[in-house]
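Each of the next two complexes has chain A plus one more chain, namely chain B in the first and chain C in the second.
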Partner chain A sequence: MAIEERKYAAYLCKGCGIGEAVKFAALTKVTTREGKIPLVKEHDVLCSPAGLEMIKQDIASEGVNCIIIGACSPRVKYEEFDFPGCLVERVNLREFVAWTQEPNHPETQALAEDYLRMAAARIKKGDLPEPFQTECDKTILVIGGGMAGLSAALEAANHGYDVLLVEKEAQIGGFGAKLHKATPSSYPFDKLQNSPVLAKINAVQGNPKIRVWTNSVIETLEGEPGLLDVTIKRNGELETLRVGAVVLATGWKPYDATKLGHLGYGLPNVITNLDMEEMAKKGKIARPSDGRPAKAVAFIQCAGSRDPDHLPYCSDICCAVSLKQALYVRQQDPDAVAMILYKDIRTPGNNELFYKAAQSDPGVMLTKAEVTGVTEAGGKLKISAQDTLLGENVVFEADLVVLATGMVPTTKDDPILNLKYRQGPGLPDLDLFQGFADSNFICFPYETRRTAIYAAGTVHQPMGLAMAEQDGVGAALKAIQALEHIAVGMAVHPRAWDETFPEPFLQRCTQCKRCTEECPFGAIEEDEKGTPFYKINRCRRCGTCMGACPERIVNFKDYSVDIVGSMLKSLEVPTEEDVEDDEEVPLRILGLVCENDAYPALDAAAQHHLRLNPSIRFVPLRCLGSFNLVWVSDAFSRGVDGMILLGCKYGDDYQCHFAKGSELCAYRLTKLSETLDKLGLEADRVQQMQVAISEFDTLPQILDDFVARVKEIGPNPFKGM
Partner chain B sequence: MSTDNNKILVIGGGMSGLTAALEAAESGAQVVIVEKKPYLGGRVAQLHRYFPKLCPPACGLEIQFRRLRQNPRLTFYTQAEVIQVSGAEGNYDVTLRINPRYVNDRCTACGACAEACPAEREDAFNYGLNKTKAAYLPYDMAFPFKYVIDASACQPNCGQKCHAACAYEAIDLNMRPQTMTHNVGAIILAGGWDLYDAAKIDNLGYGQVKNVITNMQMERLAAANGPTGGQILRPSDNLPPKKVAFVQCAGSRDENHLPYCSYICCMASLKQATYLREKDPESEAHIFYIDLRTPGRYEQFMWKVRDDEGVKLIRGKVAKVEQEVGSPRVVITAENTATGNKLRDTFDMVVLAVGMVPATKTTPFAMPLSYTPEGFVIPELLPKGIYAVGSLKSPLDVTKSMQDSTGAALKSLISLSRR
Partner chain C sequence: MAGETVIKPDLDFIKRIVAAGGDTAKKCYQCDTCSVVCNLSPDNKPFPRKEMIQAQWGLKDVLKSPDIWLCHQCSDCTVYCPRGAKPGEVLAVLRQMAIEHYAFPSLLARLVGDIKFLPLLVLFPVLLLLFVLKALGVLGVRVAEGLTHQGLAIPKGTIIYSKWFPTLAIDAIFLGAAAFAVFVFFQGVKRFWNDINVNPWTVRLKGGIVKNLVAVLTDILAHNRFKKCETTFARSLNHLMVVFGFIFLAVVTGTAFLLEWVFHIESPYNLFSHLWWLKVIALMGTGLLLYGIYQVYLARQANAEKAGPGTYFDWQLIYLVAAVGLTGALSYGLRALLPIPVLAYPVYFLHLVCIFCLFFYAPFTKLAHLVYRTVAMLYARMSDRGF
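Showing the complex of A and B:
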């Protein structure tokens, strides 16, 4: 919006206790004189039809297009205060002032006035977004042709998207196609069924929207979502194609059974569950050593899984698989016995019904056991076990032992994607998930730190075929959604509505590389000279680059170092001249808060009418990752006494929606004490606290403690300079 | 992507329904959510923390609500139910009944009505552990952030005190149920689950023996926005329990109750053991289980909790829960399934890991569908264009329900284009 087109107005609500907490004449005066907002109106209930009508009239007749709403939290009454085409700045006078402060106290009044000063500063610098649009290829690349990949490909194609399915083997279908039978996936969960993968293979092969490339692996993947160039090595030849988004569904590989010597692997009649599957599919379950029928088959569960020396997780499907294979044994030979030695039987959900059905077969025996060793003597295998239902140190005899080996995700030691991204070829953070391409968010299981790349199936989490099928469809939806957003210049999760994007002023870039290194999503590359350039379609709009940049050159239309800096500088900082001789100069402290979690927690504290320290002015940040150190100088040179940052928990179980934001902020603060030292200021004046959204009850104490600490240090010596 | 009928109906505004709705709406569809409660967020809004991260569910819900606020294609109705459905894929006519909230959109959640209200009701959000006024906010972060009046709890002839107290003309005690019809191309069933009625499990003492609570009540006791402000206090005397037993498979894996495994209860009890231990390092958590089911990567969480010296994992099926004579303490008799030995121990409080029942067990969909005897939807037998997600098909955890809901969004989008 050009400056000459801008018409500012502020509307102040007196409802919900605001009118009783502050003096409106003074508020209006501050907004008009200091905030330079020409039109300021009060209303008893601004969100009422009459209040809203007043605003709409001004929009229509006065051409008002930059609107400050001094009322409740922006998290509520969002439909009422939505004025399309206008810049709207919400000032949280209700939650941050009326509901959390002592009514009519001078400090309460000062707080409300500061919030209006900040809003006026912000709205003058902010602007409406203009989406950044690139070309967008809507082809979906599915890597891996097992259950998850097939179902992703099929449903994406059914919705009209072109799919390129890349499979490294000569055939599609993955492990699911090699099964003799599958465990039941439908009620009453008591019968083995044909593998559901077979029907998927046919459907994919018959779908004109899906190109299937077998004997193919990803050589490189470069570019950005919507404009990804994938180079595929197909039958040894390289070919490059343009795709838009990626479903990573490369599945699992079996845990290396040669590491399971303690469970007898290496003995001729000790096989893995995959060997058993192959044998059953061929039609004869027999001892490999002599081809004689296996009359007693023992299944050893958790062969590698749930073992800190091998796989530190449960492979999810092995209990059901062994129950299924026990039924193979019984179906081939009604006189044979199948024995399952387990730590815990894990057949969650309705799979329990399959467990019961299998258990009801008198030839299937289950016993809890910690297997300590497997040996061979006289043609029989002897399995020693402890801690069984039958007592201590029992030895079981069997003709054949099947090790229920677990699954290892294909991403465990192969980046697979081979991204030509500055930050590396694979998905970051895999170590947090024991090699799986999982999300760290319970609520958002498809989130990865590589935009528009979604994992599905057993590379994502340990899971069975039924879940892999669903998971593939979910990942396909996310890929489609990412492309539809990119096509219109909108961010993807978690700011899925955002049409702003980083606009760096590169002439001032010093090639320090902080942005390229810190971006949690690897969105910034650099050219030969080391100058960064954005791959906007990878960007999630968290502003981490804006926080990282020492030259402060990264801006969003409605969010920038300058916008926040102007807000901080707009504060009224009282000095000794403003108070009586015997009075203390009140402290002024800034609270920079994560808008996703800390801000709602403050609102919740307000809903509980908890008192929040009146010295603190809260400024929401998109993410603490966008915190720029220059704001510290901005604030302290203004005379502010302290700065508290409230952000999400970080570490392995991080809660930051942008993965690294709060952690990067904490890292930046470690560099701060030097700067403060130079200014002769104490490092304690700036502190970051980790606050979860639910911890509203802890906020008053956290804030009071911080204010007390600042008080102890004393007022900012730059005050009034 | 656009068709004549670009609309999807999502029944259930819990985490699954919200996710399905948002994923579909962000992919271009018009979506209508129908939620029976007066707020969105469902069961996860009542959880203190999620396993295994021990992070607050409100964090993800907040993102969902923000996505919802920003998305013009998504609308929702609370206190609403589907009463009639007809048609076929691409063209379902759905009749909704919107039950009266008695509070209109002018409500600012200022709280004056509740202050004035003379009547009380059991707080369903806190599983009856406390009371609210008949005019109440469902919980502190409720979305929408509006009060509700529970007419069934109103004091007759109170003189409409709430109405008089409201400065915003937001109270309308003459509201009547409304019906409306939506024509939609696809329907997603996301009703989630209810807790099995623990009182039916005679031997576990719920409702008879003092200080026997459910796992969901434990969530509320641990939550800062719960009835005790986040202090874990046993109901009989509001004292903090030092020694707490968790009884696994309360109802689940039991032919007399729920023949299936409820998937989440082992992880939930391990998680709740951490609540107890975090709040009181002197406390003890004893978990009685049949099989410890922490599938997939959850195993790591089990190891972490198991390594806490204050947590004892006991393989044993609880046979009986009784009151200690002359005391509010609780005696547990269990059979160690490994040794066959009987165990007896006394606890300050007992948490029953009560299993889940699909919402369709008590409230079947308004169109004939095939269900298992336990009330689960049989997905293969659903009419075209109708999809069920998460724990309506089989008990499931939150993450996998989200995966399923995301997939259901795509399947629904495809149904729209099949019209």
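Showing the complex of A and C:
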């Protein structure tokens, strides 16, 4: 729905202190003369009914359809300044000027004017989005029939979505259905109960919206969200179906106990917690070697967990499981004792109450201990331990030893999804989380780098039944959200409002494959000739392809290399001719900032009325991944003295909303210094900083330090050329 | 591995701790807050954290620990315990069990520790005293035999308790009871001393016993340790009053013994005789004892929420001390101030029963702490544990 006949107007707000900080007559002049915006109006409170009415009047009577709003941050009042059918460009005069600069200073005025120039440049090149819409199958494929999968299936079905539940084994229920008893899931959390999975199994089997396929595994999964073709191997036969989104809930497998010889595994009376569960379910806890009753049972916690040589992480449930199994021992024989040897007892959430209850049993004994060995002598097992709460070097005698082994996600060495994506069959971040399909938990739980595929349960993180149940619900809701967005042609997290999408000018593609390699979401495939093509429904609209492309052929309707380049070129860069002889030429520095964390951090700094350096002009980027190197030459040829990029933290503990964007940008910058050297410019003029959304208080210092460094280097020699 | 200790949990021992009032021991999760907040605990291997886990695991050796005696049950640990494990109360129970462990015969200690047997324990001195009275011929139910007084008849004339219960008989009985207590204590302390000298943190004891004992006794008399308590700070004064009450009364009893048998001055000794000073000390002692024990009672009630309500074993001694003081004061009042023979003699009898209980059962009641704590403090002092 491109705008045919463009009618531009700019509305400048004097409220919230803007009117006191800058001279509006000069702003209007710049907007009209340099920005070439024919209609410029001021208002005391633009977001008031009267202010909005003024704009609406102009839309109705004058046919205005391209609107610059010079007021507050685009992150606020977006409902007020939403005018359907109109292109709206927000200029952040309040946060970036009025609240962070010295009022009525020439530099403050120059800053506000530059923001208006950039807005005018941008709105000329932008256009309204036309959503990309395809058919969208809203069936949700749930892989794995354990607690998380059952819970996800029920949640999706209860919201009216068709669900296909695929289970590898002959029965659904997973580990939860194989338990003798479960740890308590309701107040007062002190008694063992039947596994809550049993009720879930019945609910799923009785739900007409859920198809359950057992003895089934995913052979391949191809296409894109809303149009995923899944081929399932069911009882040995292949069948292909269309689904829309996926919940991956294939759970865990136990850590290989044969690697735990140092804890006695291999001795007949040393078993794992799974063996114990099975034995208890069969009804009798006894020594495997001779069937004699187990009068003293020792549980060794963290068997192969939180151990750099085995699993470096905590599996979350083993402590509660051992406490539960200690109660099995006690309930079978009131004269038996259960000894739990732990690193720390970890019973998160309400399991703490269960810990208290189990601990109160006279025959359940606990101590911290570093187990150094397990040997058998005279029919008894002897467990040597160091650093116990009972003394330095002690020996425990037991009839039976239970190793509390941890969880290994099923995705550890099997892609499971078997995606037919150019970037590979599995989820790309598995190596970052020891095989778990995890993500930044605070910022975006459930997300994976494969759009509309959400991880739930122990494939996601180690967790118990109660948490897996909730996790399944969360993942199902994310899947529903993804489908509904895709159906109307909108992006999903984190640009969940965005209707634009990449529109490459493929005639100029050189098939360099940078976009297909770098896309964090594997959204770009290649045809047989090697030409890339997009699977738009996989795309998150970060623009990493746009930043990667050396031919600069990737465009969004309101965001492209050209649009940002035009903005940079629109700046007024003062030269020696503009100042008196004895005055210094003020520096002009560009701040390219990530919209997800750095931009909100700048807004937060403004809300705290922190002073930000007046020489820097901030330009929001969808992600630093969309940073194209050509902008550096655009800016420096314009005479800009420096360029600072503010992006999210990257690396193992990344906060980048597009997972790889800020990291890729940093990588591209390593290639930049050569280019700058050739131009005779210093590499330090372009620097990338990592800023978390909460670090707004550090921004003034970061910016001042950068400006000081540029000042030290001196002005851009190309200035005024 | 050298120096390893084999851990042998004893489920029965845990059950006994729980039954004796240490049910909270299992709640401990070994955070060590107790040892940190305790003002009495030594820096090296502090209590009560380690005693708590020994109790949880049913490791009987905890009874041999001198550290359980270094605890004065300030209850600071109990107040700060994040899990409600009440280490102060648990250590009190462990001390009770240690008293039982070292007492001979330990069966008697078990009876003392169980409220079910209280009537039996009181009945014993009652019957014993009645038996002696009968043997002396002052007790009889038959009237016909021409005795000076008949049956349980109250002697006529001025109230003089020795008319009814000869001093010689009393001294014989009570010296006997005391001798029994001393014997039992001696056996217990001997075993305790041997046990603590093989404890893991034994160091070569330093200094002479006598010199150290004097220092420890000074410490005890001044209640220097007690004064470090925060939650139950008031106890340092209350307990001090009770202790000095007993000391005064002991002085009076000793002096009376001398007067009676060495100087042959017969009791009773009155306030208005030349021995008035003795009576003044006696009255002061009784006053301190009664006021002190009353304050102990009040403080315990007031602190029950924070420091725990106390066990039967605790209250038994408080009531016994109160009974000794009350019957003693009443015996005096009903004799000298407001003579009512028909009440005076029976009350005096009760007083004798109470004192017998106090003496005879001393190695088995909480009173035994007098001996074991002193020994433990002496040991701690001599082994450089900061005492």
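Miscellaneous remarks
One rule holds for everything that comes next: the second predicted complex is superposed on the first by the 714 of 721 C-alpha atoms of A that agree within 3 Å, B and C clash if a C-alpha of one lies under 4 Å from a C-alpha of the other, contacts with A are read in each partner's own complex, and residues count from 1 in each chain.
The working rule: contacts are C-beta pairs under 8 Å (C-beta built on N, C-alpha and C of every residue); 3 or more make two chains touch, one makes a residue touch a chain.
Values in this document were obtained by computation on a predicted structure and should not be read as measured data.
On the superposed chain A, the two partners chain B and chain C do not both fit; they clash.
Set side by side, chain B and chain C differ in how many residues of chain A they touch, and the one touching more is B.
In the superposition on chain A, contact of A:K368 is made with both chain B and chain C.
With both structures placed on the common chain, the touch criterion links A:T214 to neither chain B nor chain C. In the superposition on chain A, no contact is made by A:S633 with either chain B or chain C. Of the two partner chains, both chain B and chain C are touched by A:K356.
Contact with chain B, but none with chain C, is seen for A:P462 once the two complexes are overlaid on the shared chain.
Contacts of A:S673 after superposition: neither chain B nor chain C is touched.
After overlaying the two complexes on the shared chain, residue contacts for A:I345 are found with chain B and with chain C alike.
With both structures placed on the common chain, the touch criterion links A:D438 to chain B but leaves chain C unconnected. When the two complexes are laid over each other on chain A, chain A has residues 345, 356, 368, 389 in contact with both chain B and chain C. Remark: chain A residues 15-17, 45, 47-48, 72, 75-78, 155-156, 158-160, 186-188, 305-306, 308, 312-316, 344-353, 356, 368, 387-389, 433-434, 436, 438, 440-446, 461-463, 467, 470-478, 480-481, 484-485, 494, 496-497, 596-597, 600, 603-604, 607-608, 648-649, 653, 655, 657, 692-698 touch chain B in the complex. Within the complex formed with chain A, the residues of chain B that make contact are 1, 15, 19, 23, 26-28, 48-50, 53-67, 69-71, 106, 108-110, 137, 140-141, 145, 167-169, 223-225, 229-230, 253, 259-263, 291-300, 303, 315, 337-338, 372, 376, 378-380, 393-396, 398-400, 402-411, 413-414, 417. Here chain A touches chain C in the complex through residues 296, 335, 337, 339, 345, 356, 359-368, 372, 384, 389-397, going by the rule given at the top. Within the complex formed with chain A, the chain C residues making contact are 1-9, 11, 14-15, 18, 26-27, 29-30, 49-50, 53-54, 56-59, 83, 200.
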